[in-house]
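Structure first, commentary second.
Should a chain be cited, it is by its letter among A, B and C, assigned in written order, with residues numbered from 1 in that chain.
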Amino acid sequence: MKSYLGAIRAIIWKDLTAEWRTRESLTSMLVFALLVVLIFNFALELDIQAQESLSAGVLWTTFVFAGTIGLNRSMALEKDRGCLDGLLLAPVDRSVIYFGKVIGNLIFMLLVEIIVLPVYSFLYGVPVFQPGFFLVVLLGSIGYVAVGTLLATMVVQVRTRDILLPILLFPLTLPVIIAAVKASQGFLQMIPFDEFSSWLNILIVYDLIFTAVAFMVFDYVVEE
Amino acid sequence: MIIVKKLVKRFGPITVLRDLDFEVSPGEFVALLGPNGAGKTTFLRILASLTKPTSGLVQVASFRLPEQAVSVRAQLGVVSHLPLIYGDLNAEENLSFYARLYGVKQPRIREVLDLIGLTDRKGDLVRTFSRGMQQRLAIGRAILHSPRILLLDEPHTGLDQEAGEILDEVLREIALQGRTVVMTSHDLVRAAELATRLDILSRGRIRASASEGEFGSTDLVDFYRAALQGKGEAA
Amino acid sequence: MIKKPRLLSVLDVLSGMMILAAAGLVFFYAPVEQMMGLVQKVFYFHVATAWVGMLGFIVAAVAGIFYLAKRTEQWDITGFAAVEISLIFFLTAIILGSIWAKPAWNTWWTWEPRLTTAAIVELIYAAYLLLRQGVDDPERRARFSAIYAIFGSISIPLTFVSIRFLRTIHPVVIGTAETAGKGGFNMDSPMKLTFFFSLAAFTVFFVDLLWHRIRLGKLQAEVEKLRIDTYSNGM
């Protein structure tokens, strides 16, 4: 068990160190996310009344789009010099690779969210600083990354790789996105917690289901 | 050390390996030769536990594949024509990452860096390395955990003369330490120099085999040709 | 060449006749519904096509599981066939649904849970086809398709539940889940008979189509195999 966690940590450490060198992934995700927020501002004319109901949707669309960039890049790096084979050759269980990559990707996504949220709050005066809302962001990101990492691992082995990830990923993660948007809306619009708490429960259940299934089929994605 | 019996590998409608038999004793250095598309890489990937056999027996270091893959992997070092290292990490970090996956202690990293002659460049990003240096680091990665078996897939691909010679030197050193080596190659002369046995793989099976002493440099080409023509008759 | 099984020919004729008979029942036997008039008749085939789409959806998921367990080409062909059929029939169901929706709710499209879910199934299956197109190696293509189909079959019900839940919290002005189906009117027994006969007819039609498509897939694989064999013998 100790070596299991140690190997997961090694993979996370490797991803963070490599990213720290170039910061290419994080900066691309971040700039892209801010651009999306900007475009939404003009497209939807987010004035004070409108953003009340739209903020949750705008935020999650932003996260989901930015997340795809990070997922694509994270797996492209593994394919670059054949590193995915290098990982598969290590005497560790396949799930170590899956969870290592999931946690690494999750950290990147959370870092982007941590920067985007205050900016968004500053621009539109949305009350993002609530522990409950942060929990929703965390849970939504977990579900998204759990499926995203699996599909990204699949997509790097495909000829049409980069363009395929969002096409495959968005319709599959829809349940997570719906639940995350609804729960976020509850917090951002200051609706009494009882009225939307069930969305939070649904989100947790979906996270569990998606992570479990992705974990179970990951072997089949990497093994020929 | 390696026992393969009646190995079949199919990719959908394509049969790559058909009833392949193969055996390697401890300490042998076997060079697998053969034309492109003969199934050399597929065969090596099966031995490396990266590809599952369709049927047949595969036993590596007395563990069955694919059932005991994790145990096999601990005994294997693999060098492919890709270096399997991260461009955005430096040489030392690459080795120390793999050391953590293999459960290898840190002092061993210095040892390996010395052996592959990269101690001076250990702090440089792999991205900035030449092809030859990357390949040396790839070998360092492969021998980090002192594996009993080394699998090399066309390790000379893309190397210039000098880098190739340095690689040969490292390989000889490794072979001297009594490790078992299986290497695919399409360079007859180089394979004959390094290996103790030459096997010709063609159309999914071993068509001919010659041990050290049986092959001289002159009749090497004839031996190879004859083995491939044998394939023509079989078809 | 695989000979066409006799039972398949029987099914061809049977499904043709049953669909004709169902159409006959719809137009001449079932009474005109009082509230909505003639357009209500689209309901019989709308539900039947959606039902076939569902069957295809289930077969695709089951075939995916079987492929991963058995790794035989047959299950890949079955899954692919089921997805194609499901794609076409859900599309038909959506179009028929629109024809119903226009006079009933004065709009071509509503974000009603079942309709929305059907549209998402279309998107997932379109993605499935794109995925298949992007992979050249048949074994990998089969494996990835199976995984995606399985994941789709888990995600779709969750999406349906979510949307349903969403709509009950925020009721839409037109057409809640109840009025979309049979709740909009009361079926008398000729209607019921027509309804269930249509379902049966399309189920037979589904089996017939699936069988044909699987057969076509096998023939395709056969052709591919012949092509590869000729090619490799010619070398």
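We take it that a residue touches a chain if its C-beta (ideal position, glycine included) is under 8 Å from a C-beta of that chain, and two chains touch if they have at least 3 such contacts.
Note that this is a predicted model, so its numbers are computed, not measured.
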* **Pair of chains joined by more contacts [C-beta pairs], B-C or A-C** => A-C
* State the chain with the largest centre-to-centre distance from subunit C, centres being mean CA positions. => B
* Asked: Per-chain C-alpha centres versus the global one: which chain is nearest?
  -> A
* Structure fact -> Between the Cα centroids of subunit A and subunit B the separation in whole angstrom comes to 38
* Asked: Hey, how far is the Cα centre of subunit A from the one of subunit C, in Å?
  -> 32
* Structure fact -> Cα centroid separation, subunit B vs subunit C, in Å, comes to 49
* **Multi-partner residues of subunit A (each touching 2 or more other chains)** => 224
* Asked: What residues in subunit B touch two or more of the other chains?
  -> none
* Asked: Can you list the subunit C residues in contact with two or more other chains?
  -> 139
* Over in the complex, which subunit C residues touch subunit B? Could you list them? => 73, 137-139, 141-142, 221, 224-225, 228, 232-233
* **Sites on subunit B touched by subunit C in the complex** => 10-14, 203, 235
* Structure fact -> In the complex, subunit A touches subunit C at residues 147, 150, 154, 157-161, 164, 167-168, 171-175, 178-179, 182, 198, 202, 206, 209-210, 213-214, 217, 220-221, 224
* Structure fact -> Contacts from subunit A onto subunit B in the complex sit at residues 3, 6-7, 9-11, 13-14, 17-19, 21-22, 77, 80-83, 85-93, 223-224
* Residue numbers on subunit C that touch subunit A, as the complex places them -> 68, 120, 123-124, 126-127, 130-131, 133-136, 139-140, 143-144, 146-148, 150-152, 154-155, 158-159, 161-163, 165-166
